[in-house]
Structure formats: structure tokens, C-alpha cells
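The following pair of complexes shares a single chain, chain A, combined with chain B in the former and chain C in the latter.
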Partner chain A sequence: MAKLKDIAQLEDRLVAGHGMCLGCGIPLIFKVALRATEDPLIISNATGCLEVCTTIFPRTAWNTTWVHSAFENAAATMAGIEAMYKSLKRNGKLPQDKEIKFLATAGDGGTYDIGLQALSGAMERGHNFVYLCYDNNAYANTGGQRSSATPFGASATTSPAGSEIPGKLQRKKDLTKILAAHNIPYVAQANPARWQDLYNKAKKAFEVEGPAFLNVLCPCPTEWKYDESMTVKLAKTAMDTCVWPLYEVDNGKYKINYTPKEKKSVTEWLKPQGRFRHLFKEENAWVIEEYQKQVDEDWEELHKLVEMTK
Partner chain B sequence: MSVQKTLNGNQTIAEAVRQIDPDVMAAYPITPSTAIVETIAQFKADGLISGEYVCPESEHSAMSVCIGAASAGGRVMTATASQGLALMWEMLYIAAGLRLPIVASIVNRALAAPISIHGDHSDTMGARDAGWIQIYSENCQEAYDNFIQAFRIGENLDVRTPVMVGLDGFIISHSMEVVKTEDDAAVKKFVGEYQSVYPLLDTSKTFTVGPIDFTDYYFEHKRNQMEGIENAPKVILDVGKEFGETFGREYGFFEEYRMDDAEICIIVMSSAAGTCKDAVDELRDAGINIGLLKPRVFRPFPHHEIAEALRGKKAVAVLDRCASPGAFGAPLFTEVRSALYDLEDRPKIVNYVYGLGGRDIQIEHFKDVAKKLARIAETGKVEEIYGYINLRE
Partner chain C sequence: MKKETWKELTIGTINPNAGNSVQNHTGTWRSGTKPEFIEEHCIHCFFCWLYCPHFAVVIDGDKVKGFNYDYCTGCGLCAEECPTKEKSIIMVKENVQLAGGGEE
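And then the complex of A and B:
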């Protein structure tokens, strides 16, 4: 089991000087996850917060090789890099013992929505790389538009809460299960509040032969509208309310990695966030009830999947 | 030593791919270029190529795979047509902007709507400002020769620009022709070893590729990019000459057919130029001084050389297999007309759109054009600058 003290000694791949918001979850996730391999690492990054905030020419915050080509194709771009690696290695144009790890990454907009096809294609083809989605529940880079990862009831700029409609009335897409349905070796949900779990999952993802997918909840103080000092606490609340369960699907076997001693009500998750403020009006009480129902159903289903795949 | 084989256009491209054996090939099937992808897949299945073949889930991803692979550091090709090229459109600009010398074989096909599987140049003409070099082929032999040369041109360190090689859908892609193919070793030698520039897989360094530019750098970076394609003309001629010395078939920016003493001239690209040659021969037999200029390289456009070739002609008709709705003429016409502007004694010039959606163009149609040109040459007057060939109105 890795110790924080040891992990902290490893070289940072994402270094200081980036322009991400105070309290942003992205650097927390990447500083931990990228330490899970000590091999040379190549990252393919979709357009989004991470890309824009780390590579304003002529500066870069990357201490590892990094490439960006467009929004919807981080997985396809990485598939090309990985294909070239295989080709050159097989044909003796790269040393046989040269080990390189590959990671494609995007936010939920670039993963759940516009990049889903390219992601699905690359996973199905079995390219050997890790895909990490930092799910901040919105198109945060462009000012907080709804994505299919935006939670039920949240107000986003393209699904705003108004006098007639109480925010987004569509259930969040369950992307992790969609990826599990690709029957790839490793799929997991993680959370920066539990760094050791995140580190272990990233390590497994880098080590498996074939594609691996990590879906990591990424609190966003700017678009979720909460006090930026609360990022880790809020991420923990997402686990304790089971809004974002920690689990993994390891070669088809589901395993829950965290079970709260006492499952908290979703209101504890909703209350600190401005994007859910309208739900606490009397006439919108049904939205909270419905949201609780969805969370309960998902949590129950997850237990069934664990049982079924034992 | 060259061997004569009976091949169609798609087979000639696949044969060249087998001989060149790029490090990564990524292509998605689409009519009429599907057979290229299928043949490459079969070559891979039979162990005849050693590169990696990727069959992505869309053309957008195919070009993205090419971009990733080329930036990783190696030789890359793809093939597509029509809607497939349209779906790649976003990534075409990125391939050019990142200076990745990917080679794409484009089997020219009409764009929907209405959906049509047949040949015209709407697809590649739509991509003419994407920053790619564009070379067009008259027949299967040229498709083979152009495709081989494309690697040398695009990968030249002064150029570093992606190249698309066009061949007409069905008319060339599916027509059998006797083609001279060269020895595998000779083709490999001609194409040479790929030279990587900033390969991502060189982990002795770290690279940040594709960062964001604000207003302080974007313009300069685009200007730098243009230098690559501005350096291409010399390389295109050098490679065309060396190809001629090596294999006996020399290439330039365009082909001139019976142009020396011609008073009137037809400009037409790709397969229609073959039919036009027969028309020119028949017209010459009938005493009409007509010639053909067949552009091969459309980007970079050889404006100076074309103007020189047309100097002293009385009337010129530019035939486009593509329309440019709302523009003053179709793409080839506007380029040629602009190229002529600096000539003091300019020929009269007209534009005809032909062959959209694979509509046939025959010798008689070229003869009709010749009649109109003869009248313009005689009267010095252009009555209709723009028209259509073989169209029911």
C-alpha cells in the first residue's frame, strides 16, 4: 500500500504555474493519478479546462509529453500514438524494452458527450491506454453549460432554473457502466477526497494490458458555486451520500470500494452548492425527492451488480 | 523493373500502400474508396505489410488517429471520399497546423444533399483552404505515381505539410487499366526513410504539442505554417523530375497537351482530361488550333506558370467538376482568372461546370466548348462567362 509520504516524493508531471481556479479539483486528481506510474508518460488532452489552463503558449505546466488536437477526439488521438508505438516497437524502430505509458483525458463534456463515440471506438479496439475523465458535471471551460453528466435538478446556463423549469430535468448519464459494457479489463469510479483509492485505481489502470477507464468526480467551485475551501469536503459528501459511489469493475467483477457507515441524505450534497439553491424552494421539493430516489436506485443496483459478478 | 498489371484506381493505391508500408494506416470505409481500406486490411491479415492498421469508428477518428500517429513520429496514410472527407474537415486543418505530413488518398465523390455516390470534386475543393497540398490524377497510373510522390513531397523537411491525392470516384477508382507498377524495393528506395521532427515517442525530451495561442501568437504560427506550402513548388518539381529519372514518367505542376500553337484552350483536371485529349485530337484533325492544359497540382496553385502557359492564347474555357455557390465562378476558374490578371494581353476566359454527381462528359461536349471558344476568339466577345455542360435546364 502506497504511503502519501512516498507518493509525495515522486516527481510532479503537472507542475506549478497553471491557471486553474482556486479550489479546482483537476490538479488534485492529476497530481495523484499521474504519480501512479513512474514510466515515461504521454498524455492526449481534449479541449477543456485542463488543456486551456496548462498550455497558454509559450508556457506549459506539463513536465511530461502532452498533446492536444481537438475537443471530441482525445481517445482517437491517443489511439494513433499508441498504434505508432506498437508499430515502431514491432518493427525494431524503437527499443524492445522501451516502456511508455499513455493517458487520454477530457472533462465530462469531452467524454460523456462530444467525445463518447471516439472513446467507445478506441476502447472497443483494445488500444492499450488509460482514459481518465475528470467529471465536473458541466462544460466548465466555457462557463457552465449543461452536459449529460450534469446532475438531475442542477441549474446550468443551458438548463437554467427559472420560474417554470427547476433546472435540468434529465437524469445524469451513467457513463461508467457504459464503459463497463465494453468488457475492457478495468473500469473504476474515483474521487480526489480519497487519494489512496484514486492512486491505487490509477496504478491498476496503468498496469493492465489493454484499455482502462477512470471516471473521477471533480468538484468545481466556479460552476457548482460553493466556497473553494470546501472542495475535498464536498467530494467526501458525494461518497457519503452515495451520489458518487466508489467502485471498480475489474475484469467484469464489480467491487464497491467505499460504503458509508451511515448513508447521508442527498440534501447534504445539495445544500452547499449554489447550482441546487432553487431546489430548496417549497414548490421544488419533489425534485429533491426524485433525486434521492435516483441515488438510492443506483446504489441498490450497484450492490446487485456486485452480487451478480461475484 | 516495372511490371504491367491490370488494376483499378483503388487497387493501384492499395498496391502503393503495400510497397511503401507506412508505419500507421488508419481509414474508415466509404464508397467509392472502400476497396482501398479492405485491401489494406487483407494485406495486414496476410502479413504483407508490417505497419499498424487501425480501423476506427468514423473518418473524424481516422484523421485523429493519423494526427496522433504522425505526431508520435512515423509515416502515416489514410483514404476516404466525399462525406468522409467532410467529416474529417475539422481535423484537416489541425493536421496542417501541426505540420504533420500525412498522405490521404481521396477518391473524389459528390457531397450530399442529394446524396450521390458518384464522382465530382466537391469534396476536395471544399477542403482547398485546409492547408493541404492537393494533387489530382487523370488515370490509375497517375494515381499510383502521385501517391508515391506525395510522401516525398509532404515529408520534405522544408515542406512538412499533409498531402491529398485525388482520383475520380468510379471513373478511376473502379475502372481497370493497364498500370506500370515498380519494384517494391525501388518504390521503398524512392520514398526513403521517414525523418521524424519532434516525435512524441522520443521520451528523452518532453514536448507540449497543440497548445492554445492567444492574439499574441496565433497569427505568427499560421504564417509559419504557410511557409511549408510556399516551399512546396520547388519540391514538387524536384520530386516529379526525380520520379521521371527513376521510373520514366516525369511530372510537373500541370500537363500541356498540344498547347504550343493553340489559339484556344480548355483547362480541365482529372479523368475528364483524358476524354478531352481525344476531343483535342479530333478537333485538330478538323483544323482547329486547340490545346488542353490539365492542372495536376491545385494547392499550392501554380499561378505564375499557368499564366505563362496561357500567354498569347485568345480564349480559354475552365471546366470545373464542382460548383462554388454564390461565387464568381467555380474554384479552378477563379484561380486561373486571378492568375491571368497580371498578363497585359489576357485571353478571354469562360467557366463551365460539368459532371456533378458523376454526370458523364463526352467528346461531343468538349467539341461544343471548342465551338464557343472559337466564336469568342473570333469576335473577342464573351457573351456568357458561366455555364453548364450536359445539364437539363
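And then the complex of A and C:
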């Protein structure tokens, strides 16, 4: 098992001076995930918070090879890069045993919505790279429009809570299961508040032969509207309420990586966040009830999937 | 740092200076509070290092040494996550000088 002190000694591939918000969850994810491989690493990054904040002209916060792609094609870009290196090796221009790792990354907008077909295509073709989605539940980079990862009942600028609607009326898309349906070798859901689990999953994803997908919850103080020092506490609450269960699908086998001792009520998750504030009005009580029902259903379904794929 | 224009840039918008964002001192945004390190309470668990979004926690080998205020934005995550009974990190008020931007 990796020790925090040991991985801390490794070189940072994302360095200081980036422009991410106070208390942002993204650096917490990448600090751990990028340390899970010590091989040379190439990253393709779709438009999103991470991309705009780390490459403010004329600077870059990346200490490794990094390519910017358009919003929709981080996965397609990385598929091309991976294929190029394969060809270089085949033609003897690079040693056959030279290990190079590839990572495509985007936020939930660039993954759940805009980049979904490129991602699906690259996964189906079996390119050997890792795709990491940092899911902050909205288009946070452009001011917090709703995405298909925005949870039910959340207020976003394009699903504002008011007299007409109590926030977003649609259910969050379950992307991890969509990716699992591609029958790729490794799919997992992680959380920065549990670094060991995130590290292990990233390591597995890098080591596996073929495509791997990581979906990591990324608390966003700006769009979720909570106090920025609570980022990690809130990420923990997401696990304890089972709003964001930690599980992996390893060669088709589902495994739950974290079961809370006592499953907490979703109100503990909703309460600290400004985007859910309207739900605590009397007339919106049904939304919380519905939210809890959805979380319970998903949690139950996950257990069934574990049983079924044993 | 001198800002390059399109005339000096490499064709293909390549930035060959990996990691040169360290010249951008995000600590200039800090307003109001900053963390203070109390070494005698510290158990060197590295949680502050782990949870600092701006890479402002200074470590040396297996010891936490304190903060690099050039980058600390004062979000308070380190103090919140510090697990020791008597906190090794506390947030203190500081007098703010309005920032003049991130240039050196």
C-alpha cells in the first residue's frame, strides 16, 4: 500500500501558480492520480476549468506533455496520440519496451455531454489510455450552466430555482454505468476525500491493457455555493450519504469500495450547498423526498449488480 | 516576466517552458486570513499537503515545514482537515494589501 509520505516525494506533474478557485477540488484529484504512474505521461485536456486555469497565456502549470483539444474530442485526440506511438514502436523508431502512459481528461460538460461520442468511440476501439472525468456537476468554467451531470433539484443558471421550477427537474446521467456497458477492462468511480482509493484506482487504470475510465467527484465551492474550506468534508458526505458511491467495474465485475457504517440522509449533503437552498422551503419538500428515493434506488441497484456479476 | 507576443511564440502555439506558471503568485489573491503552522502539534500526516489546492504546503522529506505564502490563497482547507487534537494549523487574520497582479 502506498504511503502518503512516499507519493509526496514524487515530482508534481501539475505545479503551483495555476488559477483555480480557492478550495477547488480539481488539484486534489490530479495531485494523487498523476502520481499513480511514474512512466512518461501525455495528457490531452478538453476545454474546461482545468484547461483554462492551468494554461493562462503565456504560462503553463503542466510539468509534463500536455495537449489542448476542443471541447468535444479529448478522447479522440488521445486515441490519435496513442495510435501514433504504437506505430512508432512498430516501425522501430521507439524501443518496443518503452512504457508511455496516456491520459485524456475533461470535466463533466466535456465528458457527459459534449465529449460523449468521442469518448464512446475511443473506448469501443480499445485504445490503451485512461480517461479521467472530474465531475463538478455543472459547466463551472462558464458560470454554472446545467449539464447532464447536474443533480436533480440543483439550481443552475440554466435551471434556476424559482416559482416555476425547483431547480433541475431531470435526473443525473449515470455515466459510469454507460462506460461499464462498453465492456472495457476497467471503470471506476472515485472521490478525492479518499486518496488511497483514488490512487489505487488510478494505478489500476494506468496499468490495465486497454481503455480505462475514472469518474471522480469534484466539489466546486463556486458553483455548489459552500464555504471553500469544506471541500473535503463535503466530498466525504457524498460517500456517507451514498450520493456518490465508490465502486469499480473490473473486467465486468462490480465491486463496492466503500460502505458507510451508517447511511446518512441526503439532507446532510444538500444542506451545506447554496445550490440546493431552495429545497428547504416547505413547498419543495417533495424534491428532497424524491432525491432520497433516487439515491436509495441507485444504491440498491449497485448491490444487485455486485451480486449479479459475482 | 516579459510577455511574449504572437511574433515570438513558436509556431503551433507550443509552450516549451513546462511548469512556468510558478511565476504566477496566486498568494496575491489571498484576502483576510492565512494559515499559521504550529510545529510542536504537528504529527506530519501530510493531509495539509494532500488537500492544498494551490501547492502551498512546504515539505522536506517526511516532515511538513510550513507554507509558501507566494501561492497560498487562504482557503482554509488545510486547517479544516488538520487532524491533530490541538490544531497544528490555524487560520489567522492578516492585513491585506491590495494585490497588484501576479507579476514578479
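Methods note: the second predicted complex is superposed on the first by the 310 of 310 C-alpha atoms of A that agree within 3 Å, B and C clash if a C-alpha of one lies under 4 Å from a C-alpha of the other, contacts with A are read in each partner's own complex, and residues count from 1 in each chain.
To be clear about the criterion, a residue touches a chain if its C-beta (ideal position, glycine included) is under 8 Å from a C-beta of that chain, and two chains touch if they have at least 3 such contacts.
Here the structure is a predicted model, which means the values were calculated and not measured.
Touch criterion met: A:55 reaches chain B and chain C at once. Legend: residue contacts after superposition of the two complexes on their common chain; A:85 is shown touching chain B, with no touch to chain C. Contact with both chain B and chain C is seen for A:64 once the two complexes are overlaid on the shared chain. Once the two complexes are laid over each other on the shared chain, residue contacts for A:72 go to chain B alone; chain C is not touched.
When the shared chain is aligned, no partner comes close enough to touch A:178: not chain B, not chain C.
In the superposition on chain A, contact is made by A:19 with chain C only, not with chain B.
In the overlay built on the shared chain, the residue A:42 is in contact with chain B alone; chain C does not reach it. Contacts of A:256 after superposition on the shared chain: neither chain B nor chain C is touched.
In the superposition on chain A, the residues of chain A contacted by chain B and by chain C overlap at 55-56, 58, 60, 62-64.
Within the complex, the chain C residues that touch chain A are 1, 3-4, 9, 15, 17-26, 29, 44-47, 49-56, 59, 61-62, 68, 70-71, 73-77, 79-81, 102. The touching residues of chain A, when paired with chain B in their complex, are 40, 42, 44, 51-52, 55-58, 60, 62-70, 72-73, 76-88, 90-91, 93-94, 98, 100, 117-118, 120-122, 124-125. Within the complex, the chain A residues that touch chain C are 4-5, 8-9, 12, 15-28, 31-32, 54-56, 58-64, 195, 221, 228-233.
In the complex of the two chains, the chain B residues touching chain A come out as 23-24, 26, 50-52, 54-58, 60-61, 64-74, 76, 90-91, 94, 98, 200-201, 203, 205-214, 217, 221.
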